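In structure tokens below, several structures.
Here come two complexes built around chain A, the first alongside chain B, the second alongside chain C.
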Partner chain A sequence: MAKARALCAVSLANMLEYRAEIYLWVLASVLPLILLGVWAHAAEGGAFPLSSVEFIRYFICVFVVRQFSFIWVIWEFEELVVSGNLSHQLLQPLNPVWRFLASHLTERIVRLPLVALVVVICFCLYPRALWLPRPLDVLQASGLLVLAFCARFFLQYMMSMLAFWSERAAAIEELWFVVHLFLSGLIAPLDVYPEPVRRLTELTPFPYLIYHPVNLLLGRGAPLGRAALVLAAWGGAAFVVQRWLWKRGLDRYSAMGS
Partner chain B sequence: MRRHLRVLGTFWRTSLLSELEYRLNFLLALLSSLGHALGNYFGLTLFYRGTGSLGGWPFFQALLVMGTFTTLSGLSRVLLSPNLARIVEHLRTGTLDFVLLKPIDTQFWLSTRRISPWGVPDVAFGLSMIGYAAHHLSLPLSSLLWALVPLGWSCMIQYSLWFTLASLSVWYVKIHNVTEVLNGLLAAGRYPIDALPPGVYRFVFTFIVPVALLTTVPARVALASATPRWLLLAAAFALGAFVFSRAFWRFALRYYTSASS
Partner chain C sequence: MAAISVSELSKSYRVGVKQPGLGGALRYLLRREQREIAAVQSVSFEVQPGEIVGFLGANGAGKTTTLKMLTGLIRPSAGRATVAGQVPFERKRAFLESITLVLGQKQQLMWDLPALDSLKVNAAVYEISPREASRRIGELAEMLDVQGQLAQPVRKLSLGERMKCELLAALLHRPKILLLDEPTLGLDVNAQDAMRRFLREYNQRHLATVLLTSHYMADIVALCPRVLLIHEGKLVYDGSLSGLVERFAPYRQVRLELSEPVEPSVLRRFGEVEAQDGLSAVLIVERSQLTETLARVLSELKPRDLGVSDPPVERVIGKLFLEQNLAAKLAPPLGKDGAS
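This part shows the complex of A and B:
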């Protein structure tokens, strides 16, 4: 426990040092806000399952929710393995996964002020969309977000382990991200998808990362139990596989003689 | 001019040869581009379910804009982004000294030294979208050829924006994130500017991040619906941005002190 606290304190200090870069990453993630404009404008002229105001709220929530699913561990891990710097970390009596987890967690805290500012600007642009989510919804959505964060983190960490076998492990994440982009509800609420595509997305973990937490915040309801179960199952499975690959990978790593 | 072309040929041949060492990368880039193209196409169809339309643009006209966007972003992955990392590296380590000594324009050397084939699939998918849309709209070939003129301006604008950012790394080396912000904003260019709500959105995406000039204007020229006002704005912006990027680079160089001095 003391270890965890020390780890978090160190990475928080580290992240605060890099706050300018983190703020730029937040600004780079404005895609939902662009789509907000496009969908809100389109909804004024057409018949969609959501009204213009609902679209605005939907995409503001997507912007916020998405901040919790930014994971970059695979690039850092790949760099560590390819450069051989992983050896330094191996000397310490701590699995590097905890260090990465701490840095990802504390980075969220550093993000928050700018995210809040962007949300305020959005509501200034669209005062008619202003609303307060119900406290219970916020609580439930936060719970889902924690699970979503863990699932995303361990899934990506699992893929990072491939760095022991290939120098281009991050390419897997790039492909994964394409699917995530289009199936998670990031580009549009799944309500506007054709029914067969929508059923297809429900078979993947993606809607549980964005679409369902957003719906909870909007008070539109979501299959809370199922979402929690799916996310926990994916995260848990990834955690187990990650451990297994880590042991296998380390054998290979040392065999490479670095 | 001849000399520049010869140098360009050498640059591109050598960097292609070195990049083609990694063939698996090409397969991965192809898959990722295919996924993006399909997803973007699907995303566009969503606006046209029900009675919707995108700012009054029929589906195939909007597809023309998306094709232009995909082509341009592919071109920038081929020509621009591979050089950016190296410029920053030159500035950080001080090896820009050697480039400055070369008997050729430094901006030319820095902007053309590298080429990367990983954006080629994007260009191919973008052109396919344009072809498919043009076929459905039965656009004559001549209007597509006319659209190449504003497309040239778009390339100039994109290059100038990007090189101006690269020049900023004289003061601030972690420019990579800034280009990510630019890329994030440029994503708006896959829709016609009329799809964005009037007011703040349209102003920002016309004058600050000029995606309206990058993609909507060439598409409008192909559709023969461009107004002189837009054409003039695009041409002036392209010229102005290019001149500015050169001037700004010269200005930035004055603050370049090499490493360790």
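This part shows the complex of A and C:
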């Protein structure tokens, strides 16, 4: 517990030093707010499963939810392996994953004020979309987000292990992002997809990262049991594979540059 | 029991061989040619608790690779090493708590935060109570004379102050075995001297074992009664520093204060001209020809003053590193004190 406290306190102090960069990341993730305008306008003139106001609320929630499931461990891990700076962490009796987790968690805290400000601006621009989610929905969405964060973190951390074999391991994240873009509900609610596609995506972790938490906030409900099961299965499998790759990766690690 | 025990330790890497140009790139795509590099070959030595040992060798000789194997960062290809009674690559908690590695060109302190923040994390990681951590930080900061710098962001510190803080962070858990890779790299003369004094004091106060690599021979001369010399991955000397100089420096340095200017071509008739500045000159003369050369210098050049001394250790080691066939020169394999 003392370790967690010290790691989080110092990591938060470090993240505050990088607040300008973090705020730029937040501003760089406004894709949902751009799509908000497009979909809201389209919904006014066509037959869509969501009304114009629902689309606005949907994409505002996507913007918020995405802030919590945004993971960047692969870039940090790749840099540590390629530069040899992982060595310092390997020399200490603490698995490096705890440092990565602490920095991700504390970075969320630094993001919050700007995220809140952007949401307020959105509601000023679209006052008809203003609503307050029910406390129970917020609670359920928060629980699902914690699970989604863990699953997404371990999936990306597993892919990070490729840095032991390739100097450009982060490139795989680009491929992941394309699939994530379409299947998570980031560019469109899954309601607009054909039923077979939707059924297929339910077996992947993607819809549980954004689409279902957003639906919970909107009061549209979500298959919580299945969400927990699918995320736990993917996150658990990623954890096991990561441990396996970690052991083999350390055999290959040459601590170059140090 | 030895603090560090190394037996027949080897490490080889496979590296891709790629010819330059487009043709080379295409050939590499179709057929990857690989070459095996033997970075360390059958190295054996022991270091006793409390010893300070210098680890010498030219760039790429295998020093850092050996240190990496001793700290468990990389797995040896063959052989066996135990450090503090543990196998390094298993990286057990007891092992990690017993050692530290200081890399002169790398830093573990968080760049934008005061060093105290990194020390706070280190204390928690090594399960040192806040009170004990504060006591140790105070003691080490006093020894290193950095009490005033610990609260400043690391990026604002000078290189010397930063290195001292790095050392403080590396020693907070009070390791018994210190593996130091170029700890004085880039420091000015005063900072180097302060670092050496600190290492000697730490070694005496905590009976710590130190294995040190450095390109600054002054570090080795000041700290290491015993040196290991590694060349092309092989250990070629294990013994005293004076023994190394005696064995591999069969020449003397002759300092001259001339009575009148002399052309360099004239001086070269007496030996290698190491330096010449006005009426001062330094010659390098083979030990076997010293008496005869001195007699010739005195009769032909009539210097106002003349002095003979051992060459600086830097020069001896520097020349050793340039030897193409050093390993062959040193064969058969050397034992302790270079006795063949």
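Going forward, the second predicted complex is superposed on the first by the 253 of 258 C-alpha atoms of A that agree within 3 Å, B and C clash if a C-alpha of one lies under 4 Å from a C-alpha of the other, contacts with A are read in each partner's own complex, and residues count from 1 in each chain.
One rule holds for everything that comes next: a residue touches a chain if its C-beta (ideal position, glycine included) is under 8 Å from a C-beta of that chain, and two chains touch if they have at least 3 such contacts.
Fair warning: this is a prediction, and the values are worked out from it, not measured in the lab.
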According to the stated criteria, A:P93 is in contact with first (chain B), second (chain C), both, or neither; which is it?
second
So, A:W131: does it touch chain B (first), chain C (second), both, or neither?
neither
Go through the superposed model and pick first if A:G46 touches only chain B, second if only chain C, both, or neither.
first
If we overlay the two complexes on their shared chain A, which of chain B and chain C does A:I187 touch? Say first, second, both or neither.
first
If we overlay the two complexes on their shared chain A, which of chain B and chain C does A:W72 touch? Say first, second, both or neither.
neither
Which of chain B and chain C A:V30 touches, first, second, both or neither
first
In the superposed arrangement, does chain B or chain C reach more residues of chain A?
B
Do any residues of chain A touch both chain B and chain C, and if so, which are they?
none
If we count contacts the way the header does, which residues on chain A are in touch with chain B in the complex?
20-21, 24-25, 27-31, 34, 37-38, 40-43, 45-48, 125, 168, 171, 174-175, 178-179, 181-182, 187-188, 192-194, 197
Chain A partner contacts - residues on chain C that touch it in the complex:
13, 64, 68, 71-75, 91, 93, 96-97, 99-101, 103, 105-106, 108, 110, 112-113, 117-118, 120-127
Listed in rising order, the residues of chain A that touch chain C in the complex are 2-3, 5-7, 9-10, 13-14, 17-18, 84-85, 87-88, 90-94, 250-251, 253-255, 257-258
Report the residues of chain B in contact with chain A in the complex, numbered from low to high.
22, 24-25, 28, 31-32, 35-36, 39, 42-43, 46-47, 49-55, 174, 177-178, 180-181, 183-185, 187-188, 191, 195-197, 200-201
